[in-house]
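What follows is a single structure, and I will ask about it in a moment.
Think of it as A, B and C in the order they're written, each chain with its own count starting at 1.
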Amino acid sequence: MEIQYYFEIFGVVFYGISGALAADEKSSKDWFGVTFTAFITSLGGGTIRDVLLGAYPIVWIKDVNILYAVATGIILAALFYNFFMKLRKTFMLFDTLGIALFTIVGVEKALGLGVSPVVAIIMGMFTAIMGGVIRDMMINELPIVFRKEIYASACLAGAVLYVLLDTLGIDRTLNFFLAGSLIVAIRLLALRYNLAIPKFKSH
Amino acid sequence: MEIQYYFEIFGVVFYGISGALAADEKSSKDWFGVTFTAFITSLGGGTIRDVLLGAYPIVWIKDVNILYAVATGIILAALFYNFFMKLRKTFMLFDTLGIALFTIVGVEKALGLGVSPVVAIIMGMFTAIMGGVIRDMMINELPIVFRKEIYASACLAGAVLYVLLDTLGIDRTLNFFLAGSLIVAIRLLALRYNLAIPKFKSH
Amino acid sequence: MEIQYYFEIFGVVFYGISGALAADEKSSKDWFGVTFTAFITSLGGGTIRDVLLGAYPIVWIKDVNILYAVATGIILAALFYNFFMKLRKTFMLFDTLGIALFTIVGVEKALGLGVSPVVAIIMGMFTAIMGGVIRDMMINELPIVFRKEIYASACLAGAVLYVLLDTLGIDRTLNFFLAGSLIVAIRLLALRYNLAIPKFKSH
């Protein structure tokens, strides 16, 4: 087992926690609704990536541990609810680590399947954000990609860096940390300084 | 042709009726909108199952009779509109039979493709509910899985029972009836006694 | 390269323009949101078609030029914003040309994969409309297929005509123009005379 595998599992647990907290926060749901939402949020991005790439069997059908990792995240969220809720609000901790890990995992998987760099970049971003997009579509909220926060574009920047450094032949694990750190840094700076993407047209 | 095939066709007709009635009830739609919605509701779950499993050609591309079964349901809904509307409201008849049949059909298909039991259970539930989830996402309603009714969790319970009995070597047709009956029973009891899943966290 | 390929590329550019203008108009979005929306609107239909057909690699992963065509449309929309906005409102120009081209491209691709005519018709319509459906689902608007305008049903009519003429052995390029013209004609007549599909049941 490679270190990347453990990162993926950790990313899934983080997403499971984040998904469960967000689901519960939004409308005080029952166990079924929270579990369903956490699974969709955690695995939706990787699922869409694998379906688009035709990479069958898709990640959580090939490796059921991924499903248990989400379940672990949900149970942790229930057990340490108040503690995690505070961590989540203060540091955006689980979301930010989750999107960073998922972006790089997604880029790597796509590159490994031999797609062009621009497709690999899209797949990295999709892995990180599409679970949340589907979740927001289901609960009829405007997906976070349309809100003013810098979120998906941080993933995009990290994915571009990973592909660039990969082309330059940089070591995979080092690249993982560099590109992941860029995502975390952009995300935290954007939150701290309230940065936003320019408008398409000023009205 | 096996008996399971006829159950699937019946399930599709039931879903077609239910989908057409629900679509029309919700916003007095035109023929196109009702037909489109009924098709999405009826075939969305099986389509998602087959795409996730990579089971190509997917069910209604492989067997066009499935498309005609939905069309039959829609035409029946138009012809016997008032009668069916009453049946639907009183007994939740078409929905309940539809989700029971679809859950078992989905579990069986997944098991037949050799996936792990937990994935087969998910596929059974997805077959039954995801068509309705997509429909609700399209018309901007909160999907039924998030409402307080016991619905998706009845499918989950039936899927778990089917997989358990299947592991014990029980006859497939008998299992079909037992697990299907459990879904119908849970659903009807939940409606009758207003049962609900416990909250994730009490606020 | 065949003429159909250039039509597809033009269709994508039209859709990119239309997607960017619609995204921007709806909520004054940032560059990221507009770009994301334009990509989903332009490529969502073809993506769903290819995933349903299991036609891997899907269109924009196989041919990255498709991605550049969308990007071109977005940049054109930004450069000639006011001019295009006027054209768009007056003539529904880009949308109508886009759905006509996409419908025929989708039918052709499906027929080429040997599916049954009824499936090819569905795939043609899906190619044209599903990008917009996903877009509307994301921004929590009622998808255009449910609004009273004749839109998806124009695609359906064009797709039926194409399949019929194809069965009669008509030349592919001629068929392309005939079926495409039917879609444009129905769409423009419906807008001009405010035509609508009959209600499913009169309440």
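Throughout what follows, a contact is a pair of C-beta atoms (placed from the backbone, for glycine too) under 8 Å apart; a residue touches a chain by one contact, two chains touch by 3 or more.
The model shown is predicted, which means the values in this text are computed figures rather than measured ones.
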item	value
Copies chain C and chain B - interface residue numbers shared by over half, same or different	different
Relative orientation of copies chain A and chain C, as a Cα rotation angle in degrees, nearest 5	120
Distance between chain centroids, defined by C-alpha means - chain B, chain C (Å)	30
Shared interface positions of chain C, touching two or more other chains	51, 54, 137, 140
For the chain B and chain A complex, residues of the former touching the latter	51-54, 115-116, 118-119, 122, 133, 136-137, 140-143, 145-146, 148, 152-153, 156, 196-201, 203
Complex interface listing, chain B residues touching chain C	20, 23-24, 27-34, 36-37, 47, 51, 54, 56-58, 60-61, 64, 67, 78, 81, 137-140
